[in-house]
Each structure stands twice: as structure tokens, then as C-alpha cells.
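Chain nomenclature is as follows: A, B, C, D, E and F, assigned in order of appearance, with residue numbering initiated at 1 for each chain independently.
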Amino acid sequence: MPMIKVELLKGRTVEQKREFAEVITRETARILKCRPEVVDIVFQDVEPHDWANAGKLNSDKT
Amino acid sequence: MPMIKVELLKGRTVEQKREFAEVITRETARILKCRPEVVDIVFQDVEPHDWANAGKLNSDKT
Amino acid sequence: MPMIKVELLKGRTVEQKREFAEVITRETARILKCRPEVVDIVFQDVEPHDWANAGKLNSDKT
Amino acid sequence: MPMIKVELLKGRTVEQKREFAEVITRETARILKCRPEVVDIVFQDVEPHDWANAGKLNSDKT
Amino acid sequence: MPMIKVELLKGRTVEQKREFAEVITRETARILKCRPEVVDIVFQDVEPHDWANAGKLNSDKT
Amino acid sequence: MPMIKVELLKGRTVEQKREFAEVITRETARILKCRPEVVDIVFQDVEPHDWANAGKLNSDKT
């Protein structure tokens, strides 16, 4: 029932997402006291030209 | 004004999305008592390696 | 695994949400060909002063 | 700390997103009284067959 | 059709949201070349204990 | 830059959110190889009558 959505800059590997899913689900279940089966995690890759901080697209930063 | 966002595993056809949009808009308008014109639906396809349940990526399930 | 998020103006009753959850889950399972058990629906009530259309807050419309 | 998410139909150019990021960050900082550094903007392009209004996919409108 | 969601720390006034809605809708319509009528903005107030940066809840920062 | 959004049933304490923020930020920084300063976490409490699974509101489950 915790639904965890992760927006992150494109470029992370499936191995990183796999480890993230394992570790974060385990810690979420432990801290929020729920079964791992009810923890959903969705990753959303974001292109550098689709994320801006301080008014500047990431693709324009050097 | 209801804004409906649907995250779903990649693989559904445009025909399924078309039927979903028709039916869900009609039922939403009927139940929530609003005009169909104010109902927006956005689909977001999610890759199997971007959705984890119980700590395991969908792409790793067999 | 379909995760459905519904943003709607505050004021709908629990009865309306109950019927919405029943009907939309049944139709989602039928159209997207999945088990009802994997359909999650989350409602998010929005105050009229927190929703603007055409540059005008809903609370300012008459 | 304001986090601004923009869902828009696919087809806008990077130049439009760049100007949007600059202008909207400046106005956000001015109106909400925060530093530009804490303003994040994420664009999410949506395909015409993934956005429905009034029960009809955008890709089906003529 | 642009749908703009703004997550911000609780505490901004309705006046600030009103000005934000007016200005951001006008600039969005101008830059993305769409009619103001299709621009929706939703504000979501976040409590200081519901937003963490760098591992620390905002309510714990001094 | 990872932006983590956590939707969870109402009822968790600030202490649980504090520990969650600390641990998840540390693990996110380690696995995704980023500085803790760029990790944002937002919690969104959901009322039991606003979350349905399998067509049934959580507030209706016994």
C-alpha cells in the first residue's frame, strides 16, 4: 500500500534499479511496519532536457 | 475536472486504451455527476524493469 | 498493477467513491485483462482554491 | 522546494521548454517568495494516444 | 491540455496562488502556444514534516 | 534530483517518516550514486476511504 514513485535522471542501469527495489522495499517494510508484498515502486526516467533546476534545463548545464 | 492518471505495464493496445477512455469517462461522469467534457485521462506506460513489487522488478519475475 | 489516481474537486461523498471504486475496478480488469486484485485506486480531493483553469481559481468562479 | 510537474502533449521543442523553465522559475520565485535554486520543473511528454478528453483519445480527434 | 501540478510547502496564501495561476497560465499559453482554457493548475500543499531534503524533514530544520 | 514520492495510508508517525527519510536518502545516494543534498522525499498521507484495492475502499475492509 505504500506506493513509491521515483523520478530520476535517465542513465541509471537496471542493476541499480534492482538493488534500489530490494533495499528500499526491505527498509520500507521495516520502518512503516507493512508486508513487502504491499510495497510498489515505480521508476520514471527523465531526460536531461526535461528537468530544470533554478530555471536551467539539465541538458544546458556544463 | 476529474483528472485521472493511469499507470500501467507497457503492452496494452491503443484499442484497449480507446475503450478504457470511453467507458471510464462515461462512468466517471455518471457517478461523480460531471460533464464528460471535464474528464481527462492520461495513460503512462511503465516498462517491466521500472515497476517493482515486493522488492522485485517485474522484468525479473518468471 | 494498474495504479489509478483520481484528482477531483472536494465534495464528493464516500458513497460516490465506493461506487466509483467498484465500477472502475471491474471495467479496468475487463478491458485491460487483469485481476481486480492488482487494481489500486487513489482519490485526491482538491480544494476549489487549489485548482485553476484558464488562469482562474475555481473558488473565484461564480 | 516548489516542485512543478508539467504534463503536455508531445511535440513542443527544447527551445520552448527552455523558455518555459526560465520564465516560470523566475515568476515562481517572485510570487511564492523563494530562491530560484529551490524551484524544480519536470516535463512529461504525453503521446496523443495516451491522453483522452471527453472520452476520446487525442489521436482520434480530427 | 498542459496539466501543471505544483507541490509546495504549506503557508502560501490564496492571493499568491491566484497571482501564480494568472501569470503562469498566461506565460504557458504564450510559450507553449495553446489557449488559456486548456491550462489546468493544481496546487498541493505539503506539511513541513512531509517534505525531506538531504535526509532531513523540513520540520526538523532550524 | 531523484524525487521520491511516497503515498501511504494515514497513520504513520513523524518518527517513522523521519527514520524513513534518513535511511532511504542514504541508500538512494549510495545506490544511485548522487549526493544526499539532491534527494527530495515527499510523503502523501491517504485516508482509508480514499484508497481502494480490488474495488473495495480500505475503510470498508474489516
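Everything that follows uses one rule, which is that a residue touches a chain if its C-beta (ideal position, glycine included) is under 8 Å from a C-beta of that chain, and two chains touch if they have at least 3 such contacts.
All figures in this text were calculated on a predicted structure; none of them were measured in a lab.
Asker: Quick one: which chains contact subunit C and subunit D both?
Answerer: A, B, E, F
Asker: What angle, rounded to the nearest 5°, describes the rotation that places the Cα atoms of subunit C on subunit F?
Answerer: 120
Asker: Where the centres are mean C-alpha positions, what is the separation of subunit B from subunit E, in Å?
Answerer: So the centroids are 24 Å from each other.
Asker: In angstrom, rounded to a whole number, how far apart do the mean CA points of subunit A and subunit D lie?
Answerer: Measuring from centre to centre gives 20 Å for this pair.
Asker: How many angstrom lie between the CA centroids of subunit D and subunit E, rounded to a whole number?
Answerer: Centres of subunit D and subunit E (C-alpha means) sit 12 Å apart.
Asker: Residues touching two or more other chains, restricted to subunit E: which are they?
Answerer: 3, 7, 40, 42, 44, 51, 53
Asker: When you check every pair of chains, which ones turn out to touch?
Answerer: The set of touching chain pairs is A-B, A-C, A-D, A-F, B-C, B-D, B-E, C-E, C-F, D-E, D-F, E-F.
Asker: Which part of subunit B faces subunit C closely enough to touch in the complex?
Answerer: Listed in rising order, the residues of subunit B that touch subunit C are 1-9, 12, 16, 19-20, 23-24, 27-28, 31-33, 51, 53, 58.
Asker: With touch defined as at the start, can you tell me which subunit D residues reach subunit F in the complex?
Answerer: 3, 40, 42
Asker: Per the contact definition, I'd like the list of subunit F residues that touch subunit C in the complex.
Answerer: 7, 44, 46, 49-57, 59-60
Asker: Any idea which subunit F residues touch subunit E in the complex?
Answerer: Subunit F reaches subunit E through residues 14, 17-18, 21-22, 25-26, 36-37, 39-45.
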